[in-house]
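Each of the next two complexes has chain A plus one other chain: chain B in the first, chain C in the second.
Then we have the complex of A and B:
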């Protein structure tokens, strides 16, 4: 059985653009000129999954989710 | 009843009445055959019919997903909201041939196992559809219940999740984030929901009668059948035209691509579509796959031939400002990005010296909004702008070197200058 693969998804309606996620996961998230997150990479690298999960639970608006990629 | 031959299927171009009533409809097409769910899913799947609301998604795949989603009885939404200001074909079809659309809706309901159909339409189409539903109820020809819901007059009213929000009586015409769970599983009243454009349903009604092979006898392998277009710029007023997919626009509109004069560029797919050079647009086979290969989409069938004597940059700026105002104001990148994009285009159109970063700034801004909204609204605006920058590059150069156009008249319809009645 292969290891599950994940991607990060932002709900842009819920997101407040305060940028907590970009501080916690700069490897994958930068901010646009207005402070809203830009996700880099279509898949979370295996070594970053734990950090990515931490970023999702720290998002004050629960706007960031880790979604399993169906293969 | 024999299957129609020739280019028109949905529109009666034989000089019959403008509104096809139930008797004339049954005389022309015969009653709907009573096929079951499996046979209908199979026929629609094999026909290759794709969604004419703008997305061109394979209809068979969508119907199967809703039919198989399980938990509760699905609902069908026949979507005629048509918020795009340059489009009039859905309104016209509902006015001209409401029974074909309603036949398509009952076909879809039978296929996916729904017992309720919501007809979601513009205010002006409501009376005609209500009369058609009364006619049908008197004859008792439908096996499901119907309801009419009038869409708000907004660009995004027809967007799938926005349509469901309207029907559910919540924030009408405002999209919701469906990144994880789509309306196919959780839509009207929390039930699995099929939202399907009214023209698509009309095609489905003919497939139910004449079969997938007949349907495929016209069109391309990937986009079979015909399509209704709303054409602006060819005649005094916009007109609705039915064309076999795969024919060139030049052929369909009677314009020779080689000698076309007086057209600066062609917009396909409306304000979320894209611009093409005139010769390309007139000579390419009109179909979604070809449009995509050229960086645009045929969308909901909007075709605008932009005449000379109009400043294309001023037009693009007006439309993008309108699109910015029509955004639902919910997502940061869309709210901020479209405003900056509109302002930059206004600079290019009216005060080119103030455009910081020059024309190259525009595609960069497009990149900042693409794929970052809850719906595809910003993606469509970005495509509209990117293609305009390419097609009108020379004109932009003139603005930057010599200054803006001194006089220009507005041409593209934005709701302060509504589209004249189609036909």
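Then we have the complex of A and C:
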């Protein structure tokens, strides 16, 4: 059984560019000039999954979600 | 109407205060700490919300501190509630702590406390379930956090024994200033709020602040507050005798035409014939009280007679100082027959005295006071005080 794989998804309507996600997960998220997140990489590396989950929990707008990749 | 002091619903809470001193202090202290933590929680919520950050203080730090402070705050509120219930015991139950406006002791101010507690619980529970309930519902409930703050403050001002204490007032004033500043900051800088709502919230904040300040000025900060908020004169006299210096509003219901007699009303009628210890016997008498003199000194006199064959006179005089709208009693003296002694303890309607008559005797007086007439009745138990 292989371990689950995840990707990060931003809801651009809910997101207000608060930038907490980029503070918590700079490995995968940078901000554009308006403060909106740009996600790097299609899949969250296994070692970063916990940190990614932490970032989704801390998003003030609940705009960032960790979505399981079906395989 | 004769009311047993300890079961008088309007008073038992404060009487408990006199009895369970440690719990009572814990209640008061945890209440003050809770309002400070609530203020800090709210301010950090604002700091996070307006998105204030520095190199060293990213936004997620504001959020985390905000969340952790809120948990600490609810812990203190929990201690505050539990100690209140355990201390007051009869009149305030756990149900009163969550269902507002049904307690018999200062229903409005305790009710506000319960309401504030409910709001905090709602904010906490919805925050814990944020992902489950979605952003909109969480956001809506979270606005109530702003409402919980003035509610908690009025609760504290209206029901706190500590209100007239300068330190507590200072803490509350500082919290008010800080929270108002934070609120103003939120209204002027925060995003995602239509201008009309900001204006309405600003006006509401000003109105509420003025109302609370006005309320404090005419209510708790003026003398005789606990009297007006539903605590009887006789009870206040008892509370006043709390030697640790608890403040409670004075109850000068008996304007003194003359200083209260410090000698038993029946003095001179009997002398030596004291009942042999140990004994328990009925007693009757009257309570009188002086108005504060120029120096603010107050005297509460419990003039009684033992119902033994010789109707031995027993008089307890409690003296104290009016201070900041309250009375802090410093001492109590006893005259028993022709002997005298001092009050060594007071718990609800029970006064414990130690006299030399002529050997050491402990007297435990259990009193019921008719609050209209000041008539006293009860029992006194005498025992040898030799082991003291």
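Operating definition for what follows: the second predicted complex is superposed on the first by the 71 of 71 C-alpha atoms of A that agree within 3 Å, B and C clash if a C-alpha of one lies under 4 Å from a C-alpha of the other, contacts with A are read in each partner's own complex, and residues count from 1 in each chain.
Convention: a contact is a pair of C-beta atoms (placed from the backbone, for glycine too) under 8 Å apart; a residue touches a chain by one contact, two chains touch by 3 or more.
The structure displayed is predicted, hence computed values, not measured ones.
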Chain A: partner with more touched residues, chain B or chain C
B
Is A:51 contacted by the first partner chain B, the second partner chain C, both or neither?
neither
Looking at A:24 after the superposition, I want to know if it touches chain B, chain C, both of them or none. Which is it: first, second, both, neither?
second
Mind working out whether A:14 is in touch with chain B, chain C, both or neither, as first, second, both or neither?
both
For A:33, decide between first (touching chain B), second (touching chain C), both and neither.
first
Of the partners chain B and chain C, which touch A:62 in the superposed model: first, second, both, neither?
second
Is there a shared patch on chain A that both chain B and chain C touch, and which residues make it up?
14
Could you list, by residue number, the parts of chain A that touch chain C in their complex?
14, 16, 18-20, 23-24, 57-58, 60-62
Within their complex, chain B touches chain A through residues 176-177, 179-180, 330-334, 336-337, 368, 372-374
Note which residues of chain C are touching chain A in the complex, please.
48-49, 51, 58-60, 63-64, 130-131, 134-135, 138, 191-192
Chain B partner, complex, touching residues on chain A are 9-15, 17, 32-36, 38, 65, 67
